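Have a look at the structure below, then the notes.
Going in written order, the chains are labelled A, B, C and D, and every chain counts its residues from 1.
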Amino acid sequence: MDKRLPGLAEAVSGIKDGATVMIGGFGGSGNPIELVHALIDAGPKDLTVINNNAGNGKIGIAAMIDAGMVKKMICSFPKSSDPRAFTDRYMAGEIELELVPQGTLAERIRAGGAGIPAFYTPASYGTELAEGKPVAEFDGKHYVQERWLKADFALVKAELADTHGNLTYRMAGRNFSPLMAMAAETTIVQATKVLEPGGIDPEQVHTPGIFVNHIVEVAEPQQEEALIRAGAVYERA
Amino acid sequence: MDKRLPGLAEAVSGIKDGATVMIGGFGGSGNPIELVHALIDAGPKDLTVINNNAGNGKIGIAAMIDAGMVKKMICSFPKSSDPRAFTDRYMAGEIELELVPQGTLAERIRAGGAGIPAFYTPASYGTELAEGKPVAEFDGKHYVQERWLKADFALVKAELADTHGNLTYRMAGRNFSPLMAMAAETTIVQATKVLEPGGIDPEQVHTPGIFVNHIVEVAEPQQEEALIRAGAVYERA
Amino acid sequence: MSELKLSNAQIAWRAAQDIEDGAYVNLGIGFPEMVAQYTVEGRTPVFHTENGILNFGPAPAPGDEDWDLINAGKKAVTLKPGASFFHQADSFGIVRGGHLDVAILGALQVAQNGDLANWRVGNKGVPAVGGAMDLVHGAKRVAVLTDHVAKNGAPKLVEECSFPLTGVGCVTRVYTSLAVVDIEDGRFVLREKLAGMSMEELQSLTGAPLHVEGSVGELSVPEL
Amino acid sequence: MSELKLSNAQIAWRAAQDIEDGAYVNLGIGFPEMVAQYTVEGRTPVFHTENGILNFGPAPAPGDEDWDLINAGKKAVTLKPGASFFHQADSFGIVRGGHLDVAILGALQVAQNGDLANWRVGNKGVPAVGGAMDLVHGAKRVAVLTDHVAKNGAPKLVEECSFPLTGVGCVTRVYTSLAVVDIEDGRFVLREKLAGMSMEELQSLTGAPLHVEGSVGELSVPEL
């Protein structure tokens, strides 16, 4: 079993128009920039993208939005530094937004991966984000029912991978990635280094290989925050 | 912040009659035998004990039951090797049993730790273990609503701890322990080795210290399965 | 004719033929564990155990056991390269979340609609369920290994289970000592049967109609 | 009299006095982050950030940033000994599960029943919520830091929030530029006020009754 693919283009080639795509990362940390840019080159349209944010600067998810690929964002905070790409389309009514509290977003994705179709959370009870959702009382306190969130694909950035797909992440770059890897039908990973099986201590695996379908080694990955600060722009090749 | 206590007796001294106690371990792996035996010495009564099994042989949870300390077991499989202690009391009507499917047990404990009061699972739908529980349909499939499970105390066996309570576990000894550490009001850990803060790589922590209250170093812990095979018996000192 | 049935090893061998290279597999405690012994040459399935291991291997030599390295049946196992450990909420997330390619379980009874009874015969004694009620949900295929009839001769493939259910409508294929039967649209569909057994005889040992769609293959296994 | 109020730094300082040694603390993005700077000598709280770190430390020197080591405000941070990383479902499990001793947040409005509005002024522009709606639930104490009145002079402590709610009945204490106010049984209970401010004046700047139980302390902070 060797889940490696030779290149980024092969890795994202299965992502077609209308797909739902989870993309790991929080702010500028842990974003699989190379996979996202390969997806921009591939150019599928009408995508639903799930990420904590909605793209910043002129790279990554922001560049996907600028390229007109994104129909809908599901996120908690579409207003990080320089969110122009999303803001412009949103104000023009050209992109849909499903706004989800961050903890609920994380838990919905975990639920999707763990086969839990719905759960109750105190978050958003009594607020406009709970409108239309079932509410229930447990032990005298009110909770909102939330549904699982799944995707056709997840794009994830790992630090180490082995060829079976076992992964580790780098520092706070971990964020949503282990959850998204569970919740997608097909999980595509870019890893800084790909090892033989046994290269990662079984006790230190962050994501077991069962959640991973394809791996591409990107030996010197770019860092989203650093790119944004350098004013980088990505446009389809 | 130093969460160490000098000894096992101090660690369990807060556990009083009527308490609910989660005990880590699965079969003979990962059981905090020294903490359990210290609890037998302390001798609180009318305990509700949550563990995957219901004690085997004449040590650990079985010895607690023999000592008449356990009012109720919440578990998935009270019939492992030599379950005489539980079986005798159960057949005599002297101990209550709440039987929970293993995955539901794990998820209910996680939910308790994560502030999720209820969730839906396919497990047990249409079976006698779902009787009396709310049922709901999502996307054409039926699910059973399950409630979180919390405890007053958790007794957990770790491999490494630091003084802040960050933990690692040893192999499949991990099992329910990280979940129970989250779900108890007070989590008491026996660790084979206690390190200074920084002694565990932040990326390799299995249980963050926020879930841990007290730590006792037990440098050469006993292994339940090995003890049972050796015919060991524990009785109050 | 009493000899005309597969041994447990042969049933396990037959089930192993359907496990693809690289498949993620959970084998129930007991009889289903035998399937691992008959892994097809050149294929490397990855075995999952509910207590929190992926890619464990066979039992160690006696005396080499490490009792923190056990499977859900509480038997000592070993690790293969690429193994990983995780807690039980993650482990049952793997199960319920649809990540396993196949779960293979034992059975007391299987009904034609896929209902499975495999955890309890009646209301006597101490009930114990373990992971059975979780394992029947989520895997892409839920297969059962079983003698075709019970020790008392009663059919185990039935119209409706009389024993307490483990799960509703969950089984997709049954490997028995006489046949391979799929469950499709609430019916038993016969896929393979032993060459020496007539359709009539097989039906007489089965508690619900066996349907035939296309050809019925020969259930052919080696001596084991 | 326009000078008679605490600076943000002084409000943060006051809030820091209530953080016990070893407390687990989440500081909201922006103004609440200042609380960390005024940690009381000899106490070592542990700071949590929603994106998945416990026990992070102050920003690194400019140029030393590692952009995979950031807090929920996307600012570069450092690690203290005993830090740990975890994914966001575990991180919000810490939040919702009642494991934080205190969460300290900013506010647009706080109502006398503990309702908080702090994520959105109206219906214009792009809405963004982040972790605010999660953070108001679960922590043993949910405290708010805020100017006592808004820039336009309108009270921020009100009978009922007019801005969209972040959470219902969740705030337990408010540290303002003029006072320390607890929320108990659906009422504002005044605990401390600036020495130079009369009860009447403070009440006139507050949008709901300030109750007094026992003595009202002096809100006394150093020059900062």
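Just so we're on the same page, a residue touches a chain if its C-beta (ideal position, glycine included) is under 8 Å from a C-beta of that chain, and two chains touch if they have at least 3 such contacts.
Source: prediction; values computed, not measured.
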{"item": "Pair with more cross-chain C-beta pairs in contact, given A-D and B-D", "value": "A-D"}
{"item": "Where chain B and chain C are represented by their mean Cα positions, the distance between them in whole Å", "value": "30"}
{"item": "Whole-Å separation of chain centres (CA-atom averages), chain A against chain C", "value": "36"}
{"item": "Set of chain B residues in contact with two or more other chains", "value": "107, 110, 114-116, 121-122, 169-171, 202-203, 206"}
{"item": "Touching two or more other chains - residues of chain D", "value": "53, 85-86, 89, 92, 95-96, 137-138"}
{"item": "Touching chain combinations (by label order)", "value": "A-B, A-C, A-D, B-C, B-D"}
{"item": "Residues of chain C that touch chain B when the two form their complex", "value": "49-53, 66-70, 74, 85-89, 91-92, 95-96, 115, 125-134, 137-138, 164-168"}
{"item": "Complex interface listing, chain D residues touching chain B", "value": "21-22, 24, 44, 46, 48, 53-55, 79-86, 89-90, 92-100, 137-138"}
{"item": "Chain A contact footprint on chain B (complex, rising order)", "value": "107, 111, 114-122, 136, 138-139, 141, 143, 147, 168-171, 202-204, 206"}
{"item": "Chain C-touching residues of chain B, taken from the complex the two chains share", "value": "26-30, 52, 76-81, 83, 86-87, 90-91, 97, 99-107, 109-110, 121-129, 142, 169-179, 206, 223-226"}
{"item": "Of all residues in chain B, those that touch chain D in their complex", "value": "1, 110, 112-116, 162-164, 166, 182, 196-198, 200, 202-203, 205, 208-211"}
